[in-house]
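My structure is below; once you've seen it, I'll send some questions.
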Amino acid sequence: MDTSLITQQNLPLTGHLAVDQEMLSSVFAGCSDVVFHTFETACHTSALCVYCIGLCDTERLERQVLTPFQEMGIEAAQVPLASVKSVETTTQAVQAILEGEALLLLEGSMIGTTYPLYKAENRSTEEPLAESTVRGARDGFTESLTMNMSLLRKRLKTPALKIHTRNMGDRTNTSISLVYMEGIIDPKLVQEVKKRLSDLKLRDVLESQYIEEGIVDQRYSPFPQMIATERPDVVASNLLEGRFAILVDGTPFTLIAPVTIFSMLQSPEDYYQNVFMSVFVRWLRYIFFVLSMLLPSAYVAITTFHQEMIPTVLLLSIARAREEIPFPALVEALIMEIAFEALREAGVRLPKQVGSAVSIVGALIIGQAATSAGIVSAPMIIIVAITGIASFMIPRYAASIATRLLRFPMMFLAGTLGLTGVMLGVILVVIHLSSLRSFGTPYLSPVAPTMSKELKDVWWRPAPRNKPD
Amino acid sequence: MYGGVQHQGTNRIRTIHTQAIKGEGLHMLTDKGKISETQLAFMIFPAILATAILSVPGITMHYAGHDMWLSPIIGSIIGFAAVAISIGLDRLYPGKTLIQSSVSIAGRISGKLIGLVYIIFLPHLTGLIIRTYGEFIVNNALPRTPLFVVMGTMVAVCALNVRLGIEVVGRTSQIFVTLLIVLLSLIFILLIGELNPAELFPFMENGPLPSIKGALAPAAWFSEYIVIAFLLPYVNRRKRTTRVMLGSLLITTTAMTVINLFCLFLIGDLTDSFVYPVMIAARYITIADFLQHIESLIIAVWIFGIFVKISVFLYIFATSTAEWFGLKDYKPVVVPLSFLCMVYAYWVVSGGSGASSLIGPSANLYTISILLILPAMIYGLAWLKKGWAHFRKNQANT
Amino acid sequence: MPILCCVLLSGCWDRIEINDLAIVLATGIDYEDGKVQLTSQIFIPRKASAGDSSGSGGSPSGVTMIRTADGHTIAEALNRLQRKVPRNMFWGHCEVIIISEQAGKRGIREYIDFFLRYPQFREHAYVFSSERAAKDILALLDPLERSSAESLREMANMKLGTRMTALELGKSIEGPGSSVILSRMLILPPEPEQDKLTTTPYVKGLSIYKKDRYVKTVKEPLSVGVLLLAKELNNIIMPVEIKPLKGSFSIQPIEIQTVLKPRIVNQRWSMKVDIQTRGEVVLNTTEGDLTDPAVITKLEQEWSAKLTTLAHDALEMAQKELRTDLFKFAVEFRRYYPHQWKKQEKNWETLYPELDVEVKVGAHVVRTGKSTGPQGIPDEDEN
């Protein structure tokens, strides 16, 4: 830990107010949001109050701390506030001030008192944009760790919900919380996570991805091994299934692990809707998941290597459509896919008002114009569109990234070896998935290795259990 | 996953997790992983069927005529024997593969000699399988692609699979074999309309002898069940192993018989005049004018099966070699051994006609003798030894 | 990584773009001047505009074209044919094969081997026979369908003649019967103001092959009997007369089942042909009333008799005149009397014409259409 960043020396507080003030102001030199307020108590003792404007609730400070002191002359520890703490060294004092507490030093006292008056500007909870559901709760995590913890605690009103908070990041000193349900989760798993977190040396922690990359089993895999979600109900239900969660201050995205590929393909709404609807949508998702990876490659493979597979009528139409196109099917597919990815990425950056109009009209016009100009053929545009839709169907954005990336090597394989190549690509992907573990859990369970009791959740949506375990 | 489904699963997660990390009592084996019995059954199914599906209908029709569907049933007796020997050996020498137990049974020198036989035979067999795969793909799907590319890509992928451990091999085989079974059944269902069951007659036109003669080829494939003897130590043993293995045998026999029946009902007498009758059957499907000529899909699905088969044999080869040399870990040998198999694949035949002689009667006997008779002798010897030791113990006690 | 790129870039050995393919829709085989003539109907992918102008002709001109080449064998002809076409010939969509009677006379064994061996051909392409040269039929530009191949295929699907695929052709000829029946195609005369080629082929009659050679053309009404016994009768309306009444009833069979039952008794070989059929009356030009059960019974009897006559005529032709087992009796004997069959297999040629064949017909009229009594009779008295 780079202590020089925080405080020069860890000195005990002297009783002399001037000296202490000197020590603290040298640490906070240049921090204009840290206020040093000297005043006289009613007992005519000099007192120093140090606090950070942005983090401290100045109104309450004024009302509940300073005024009683100035007027009523009570003892420092008798201030009617909960959890008053004392500090003895500069490090502790600095830490407390940065946590939003107000530090009170009295002339002659070697112990400072801190009052928890943390109040920072926060976004109120709103529905997460990327994970909205038709039916279900509409609150989402915010950037404040305490608020997020409260959202969880609200749902799991049991002392079994354990929360371990620690700071990570040498320079940013970000608070993170490890959350799990004791009694449900495997204790060895908790040990493992704690070990990994303490082994992790990070300079900065700005988003949960920093931590995720540091603690997962396999960093270089396109498939995510932890879920990042903004929804408290998702976190709650996963905790109840024996998983753990990591909340990071400063980001609404919470990490959940261990996960399997099937968690990636399930949305919380499955449990909020009718059984048959959920099963139907679930199977649709499985099919489209495969499609988003394989459809362009399959199209390229079939039209260039296995033309006898296409129904004659369709073949004749495709032949007619492709007659004027100068590019081979593989190149055409690559052009369209890259264009689509570019459109998608650009669409993220567009301001909301312009975004939807541009994307729809642009895609249509570009598609239409490209076809008329004879650069791409109409069937190819349909394929690319379906692939795009398929990738949007995957509930977890991180998993859809994996399929989008894998599409391209598959297309190359298809263009070289036809369907054989596509199958080889599929085999490679399955091998990779089979060898992937998320904190010890095989990525493909419960299918492989088969855990027959869990299997029902894969192809059906079982009713929530009523009996206590 | 989101609604409070039972957390039994997490207990299972724990078991697998710790077992994978601990690997208790596996100090003699070169791979620390474990698989379940169902995974073993899944691995064996294509190991037998993937190549059999290509040539069995033709050969059995050639010898047995309209009774060709009986041949797999007769041939399964060999499979039964192979399973029995493997399980018996495992009971006598638990936790040891065939290579290791042969040392214990027959003494150091002859045991090592037996191991050597297998180490020489396995690449030969694997090379043959790879070559069959290559020839099939080049003949049916990619005529102008060089054989090296076709075989090389598959061997590379299998080597990767094997290198990652038996667990990965087990899991991939589970997934692919399920897909294989589903898609094959789909094809057969689609073909039901074109079948002519009357082709079952004439029955026993020339007596029972032809079907027995035709059973030699399936028997050779069934004798490949002996791979269980190489893989049982890696299995998470419960009480059900025997039942699962026998169930797998039943399923394989049924599958082979059904394939034979389909070829018979669809193509009839012409079955042995085609090189790959199952392909012809697949090409015949036409549903509502839009689902046509899907044999490329058949080929693609079949690739999954052959992938599992080559991976299984490569795995056995690698671990056996590692055990024979007394290495701690088999992983470093995987890549050089796969090269060796590729070399064998070229060396095994020169030209397609040679390939067909290799599935003739002499080759079948060669396979059966090494895969069945040798283990049978080993097992007999082991049994005698145990019996002898038991007898002497009783003598000492009295 | 570089190795991968090298492999991929130098690769794509089997890649063929769709626009490098000449898609063959139908094949025709003729025989002229001692050479085999192979004709292929190739699809022309002209980029049609979104709304296809239909006009009076129908299909746009030049959707398909034909190319012919000849050679000593069919394989050689195929080779020469490729040289006349600037794209790779793709036979994977060849749905229809037409063999002219000329070519058939010389024997089709060679062609069967070719179709079942050359990898790209489809085993369930339909095989037809044609009276004139096959290439004349292939050159037609069908006004209704996309190509004449398409119309032929649809006709085979509808079972207007016999439905014979290449695989079945092979089975029939290699089987114990050694014979095959093919639909015979003629060309419909074009409409007066149409182009000579804008017309359709149609089925008229059957071509009979014995031991892979074409021997005879069979026309109606004999062809009906032949199809009846060969279990291929699908599209027929039969007129049946009842003696005292003037006019006739026309019956359309809904279902016809022909079952062959072989029997060997005391070294005498015989075959019982059991035909069961159910039909619907579609036309009544007599004054008979179909609600009268007596009328129906009489009708059924006459119909049975007619079918029996047809069957007998067909058998007569097959047994006595052609001495060819057209209806696969041999297969049935082999199935149910394998031992005797093995002994007598070589004598089948002499055995077959002497075979006792008994024809039993069960005909039932189950429906009378939308009306009951006869319609359209002027000045009808209501009783």
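Order of writing sets the chain letters: A, B and C. Residues in each chain are counted from 1.
One rule holds in what follows: a contact is a pair of C-beta atoms (placed from the backbone, for glycine too) under 8 Å apart; a residue touches a chain by one contact, two chains touch by 3 or more.
Note that the structure is predicted; figures quoted are calculated from it, not measured.
Top contact pair of chains, counted by C-beta pairs?
A-B
Just to be sure I understand: the centre of a chain is the mean of its C-alpha atoms, right? Then which chain's centre is nearest the mean of all of them?
When every chain is reduced to its C-alpha mean, the one closest to the whole-protein mean is B.
Roughly how far is chain B from chain C, centre to centre by C-alpha average, rounded to an integer in Å?
The separation of the two C-alpha centroids amounts to 45 Å.
What whole-Å value do you get for the distance between chain A and chain C if each is reduced to the mean of its CA atoms?
67
Mark out which residues of chain C touch at least two other chains, giving numbers and ranges.
Where chain C meets two or more other chains at a single residue, that happens at 7, 11, 14, 92, 122.
So which stretches of chain B touch two or more other chains?
141-142, 145, 149, 289, 293
Residues touching two or more other chains, restricted to chain A: which are they?
Chain A, residues with two or more chain partners: 305, 308, 312-313, 417-418.
Quick check: in the complex, which residue numbers of chain B touch chain C?
139-146, 149, 198, 201-205, 267-270, 273-274, 280, 283-284, 286, 289, 293
Within the complex, which stretch of chain C touches chain A?
On the chain C side, the touching residues are 7-8, 11-12, 14-19, 21, 23, 25, 43, 45-48, 90, 92-93, 95, 120, 122, 146.
Would you tell me which residues of chain A are touching chain B in their complex?
Against chain B, chain A makes touches at 184-186, 188-189, 233-234, 237-238, 240-242, 258, 262-263, 266, 268, 270-271, 302, 305-306, 308-309, 311-314, 417-420, 422-424, 427-428, 430-431, 434-435, 440-442, 444-451, 453-454, 457, 462-465, 469.
Over in the complex, which chain C residues touch chain B? Could you list them?
Against chain B, chain C makes touches at 7, 11, 13-14, 92, 116, 119, 122-124, 157, 167, 170-171, 174-175, 334-336, 338, 341-342.
If we count contacts the way the header does, which residues on chain A are in touch with chain C in the complex?
So the residues of chain A in touch with chain C come to 303-305, 307-308, 312-313, 315-316, 318-325, 328-330, 412, 415-418.
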